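Presented sequentially are two complexes of chain A, the first with chain B as partner and the second with chain C.
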Partner chain A sequence: MRLFFALFMLLVPFCSAQGTHLEKIVLEEVLTIGNFDDDSLFQWVGVAVDSEGTIYVTDAMDYSLKKFDASGSLLAKTGRRGQGPGEFSAPRLLDCSKQFLFVTEQYQPVIKVFDKKLRYQFHIPLVGPAGDLKVLEDGLVAVVVLSANGQSHLEFYDREGKIVRKVHFSERPSSLLLDMVSFDLDSQGNVYLAYNFVDKIVKFDDRGKKLWSKNLLGIKQVKSEKISSYLVPTEIVYKDVALDRSGNLYVLGGKFSANRSRDVYVLSPDGELLSTLTLPDTSHCIYIDGENFLYSRANEGVTLKKYRMVYK
Partner chain B sequence: MAAGRDSPLEDVFEKKLLLFILDFQDFSCMTCLDSFLGLYRQLPLRIKTSNAWGILVINAPEKEENKRVWIAEKKLRGFIQANQIVSPILVDRLDFLGGLAEEGSGVLLFDGSRNSVHRFNFPLAGYQFEEIFEILNK
Partner chain C sequence: MKRTSKCMKGITIGLVIVVFFLCIGMSDLHSGECEKAFMRCTEDPFWGATPFGVVYCITGYVFCKKYIEG
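Here is the complex of A and B:
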C-alpha cells in the first residue's frame, strides 16, 4: 500500500503537467519588476534566472546588465555604452551557468561573460552575431549564429571560442534571415527550434537527426522587403521558445497568432499541441526557470512579469 | 569637421538652433539613434545647454495614449541618463508634432541669420555630418 501511494505521488505531477492530460494553463502573476516611476528597467531584452532565484536582465536602453533578488529588488547593475570590456553597444540575449552570465551583443559577433557579481571576466568570439543562445555549462554555450549566406547552424562553443559541435538545421540555402530560429535544449540533448520567419517548429535528437517538424498556423510565406540587395522578411511567425520542467515546449507566436505576440503554444515532447495560453501583455520572449515560473515582458520592456503556471 | 568643447563654433552658434526629432519607435532599435548620439557628442557643451532642444514624438493610438506616454517618458529618462544628454527633450504628449516624425528621427537646423531651416534624417551619412557643421559654421 505504501509503495502504491509513493508511486501515485510520483506520477501525479506528470499526469497534470505532461502529455495529453494538459488542457489548460492559467498564469498567476507572482512578481512585477519595473513600473512607470522607478528606474529599475527601461527596456529589458534578455532574462535569466539562476538556481537561487536571482534574476538577471539585460537592458538595451541604458546599456546594462542588472541583477535582482527573488523579490525584485535591484541588487547590482553594470555596463555603459561602449566597445570596451564590460561595456555594451546593444546588449541582448542572456543566459547563466553555475558560475557565469553570458551576454550577446545585437550586432557584434561576441558573447561577453560576467561573474554573478556582474564583474566582467572574458569574452567568447563568434563567427557571426548570435540569433539565440543557451548555456549548457560554465564552459559550453550553444548559439545560433546568423549567417549572410542563408544557412545558419547551431554551434556549440567552448570558452575560448572554439566550435566543438555543429548541428545543421537548414535544409537548403534560403533568403537572408529566413532560417533565423529560436531554440532550446532538453536534458537529453534534443534540440527544439522554432523558425522566426517560417511556420515551422522542428525537433532534432542529440546527433542532429530530425525527429519531427510541425507548422501550427498554416502560414505559407511571410512578407519581405528589399533592403539594399537583400530580400528581408518582415513578419515574425514565432518569436521564442522555452522548455518547462516536464519537457513540454512553449512557443511564443508573433504576428499571425490570434493574440499577436501574446499567444503561447504548448507542445508535448512528441510535438502534439497540448494547449494554448495567452500572456496578459505582448512580449518579445518567454523564459521558464528551474522552478517552472514563466517570465515575459509588459509595457514595452519597462516591466518584467513573473508568473506561476497552474496546470488544469 | 569642426567639433569639441572649445570650438570657435560657439561664437557663431548664437543664431542657430538645433531641434532634434526623436521618433519613439526608434527606441526599439538603439542603433537607429546612433546618428543622434554621434552628432550630439560633437556639439560644444554650451550649445547643448542653450541652443539644442529635442522632441520625442510618440504617435500613440488613442486608446493607449496615457500608457504610451508613461512608457515613453520612462524610456526617455533612461536614454538621457545613459547618454549624458543635457539638452531639454520634451515629450509630445498631445501629439501636436506627430507630422515631424513622419520621416523618422532627424534634426532640424534653424539658421536665424539666414532665415533658413534644414532637415536631416537619421541615420546620417558621413558627408551629412560635415554639412551640418558647415551650416552651423556659416
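Here is the complex of A and C:
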C-alpha cells in the first residue's frame, strides 16, 4: 500500500507536467500583400480582418484606409491628408466590427468610423490619444487612453463617446511611459495587457480584478534617458499582443528577445508559457483573425504577410 | 627601425580603438532616432507647451519605438 502511495505521489507531478507540454508552432505563408515593386502598401500600420476574410489596412504614408479581398487584391481605398471627415493626419490603429471599421489618429483624440465600403460615418471623441484599440461590437470600443497626467487607462466607449467602463491598471503614481500597454480582450471580458517598457504581462477579469502577472524575460528595469525634462525609457520590452481562437495569448517581444521584434511568446489563458515562435521578419504588431491566421509586417511596412499557424 | 615598428603598432592599436568607439557611437545614433524625435516634439511650442500636448509626443514616441526599433 505504501509502495502504491509512493508511486502515486511520484506520478502526480509527472502527469501535471504532461498537461503543460510545449507545442511547436510553424508558420506557413499563405498571402503577401505589397512589395517594393508595387504601390499597394507604403507603410502600413494597423490591420483588421472581418468574418469574410476581407483585409483592411491603415497606411501612414499615403494617409489612407485600404480594403483588400482574401486573395490580396485591392478593392477600395479612402482618405487623404487632412483633418476633415474621412481625412487622416496620421492614421494608426484599426479594428472592425460586423458593420464598421474604427481608425485612431496619432495627433487627434478621436476614433474615425467607416462602413465596410470605406465611407466615413461618424467619429467617437476620446479624452486623450489612443495607445491601443479593440472593438467589441458595433457600438462599443475599448481603448487605452493616455491622460494629461501621463497615466494610461483602459476605457470602454459607446458610439457617442460616453465612457461606459474603465479599468485602472497603473500601479505607479507618476510613471511616464512605464504604463503604456498593448492589450486584447477575450469573449468572457477578461483583459490581457503587455507593458511596452516593463517586463510584465497581466490578466484582469471583467470586473478589473488582477488574475495573474508574468515576467517572461527576467528584465528588472529598462534603460532610461533624460530627454528635455522627461525621464524616458528607451528599450521596448513587448510590442503587441493578440488572442487566438483557443484563447491563447500571443505576445510580440521587442529589444530583449533573442530575435528582436520577431519572437512571439504563446501563453495559455492561465499565463503558462506554451511555446515561442519566430516571425520571418521584424514587425511592429501581430494580428490573429477569426480563422486563426496570423498577420505581421515585412519589408519595414511595405509588405503585409498572412500565415497559417501549424501546431506540431 | 625597431622604434618605427613600435610606433606603427601603437598607431594601429590607436586606430582600432578609435574605429571601435566610432562604431559604438554610430549604433547609438541609429538607436536614438525616436529619442531625438521626442525631444523635437517636446520642444515644439505647439505640442510641448502644455502637459496635454506632451501626451501626443509620448504616443508618437511609443509608435516610433514599436515601428522603427527592430
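As a working rule, the second predicted complex is superposed on the first by the 288 of 312 C-alpha atoms of A that agree within 3 Å, B and C clash if a C-alpha of one lies under 4 Å from a C-alpha of the other, contacts with A are read in each partner's own complex, and residues count from 1 in each chain.
Everything below uses one rule, namely that a residue touches a chain if its C-beta (ideal position, glycine included) is under 8 Å from a C-beta of that chain, and two chains touch if they have at least 3 such contacts.
Fair warning: this is a prediction, and the values are worked out from it, not measured in the lab.
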Combined model on chain A where chain B meets chain C, clash or fit: fit
Which of chain B and chain C A:63 touches, first, second, both or neither: first
Which of chain B and chain C A:232 touches, first, second, both or neither: second
Partner chain in contact with A:107 - chain B first, chain C second, else both or neither: both
Residue contacts with chain A in the superposition, chain B compared against chain C: C
Which superposed partner A:81 touches (first chain B, second chain C, both, neither): first
First, second, both or neither for A:147, with chain B first and chain C second: second
First, second, both or neither for A:29, with chain B first and chain C second: neither
Shortest CA-CA distance in Å separating chain B from chain C in the superposed model: 6
Interface residues of chain A shared between complexes with chain B and chain C: 106-107, 301
In the complex, chain A residues that touch chain B: 36-37, 39, 42-43, 59-64, 80-81, 89-90, 106-107, 299-302
Of chain C, residues touching chain A in the complex: 31, 34-35, 38-39, 42-43, 48, 51-52, 54-56, 58-63, 65-67, 69-70
Parts of chain A lying in touch with chain C, wherever the complex brings them together: 45, 92, 106-107, 128-131, 146-150, 176-177, 180, 196, 225, 227-230, 232, 234, 236, 239-240, 254-255, 260-261, 282, 284-285, 301
Interface residues, chain B side, partner chain A - complex: 27-28, 30-31, 37, 67, 70-71, 73-75, 77-79, 81-83
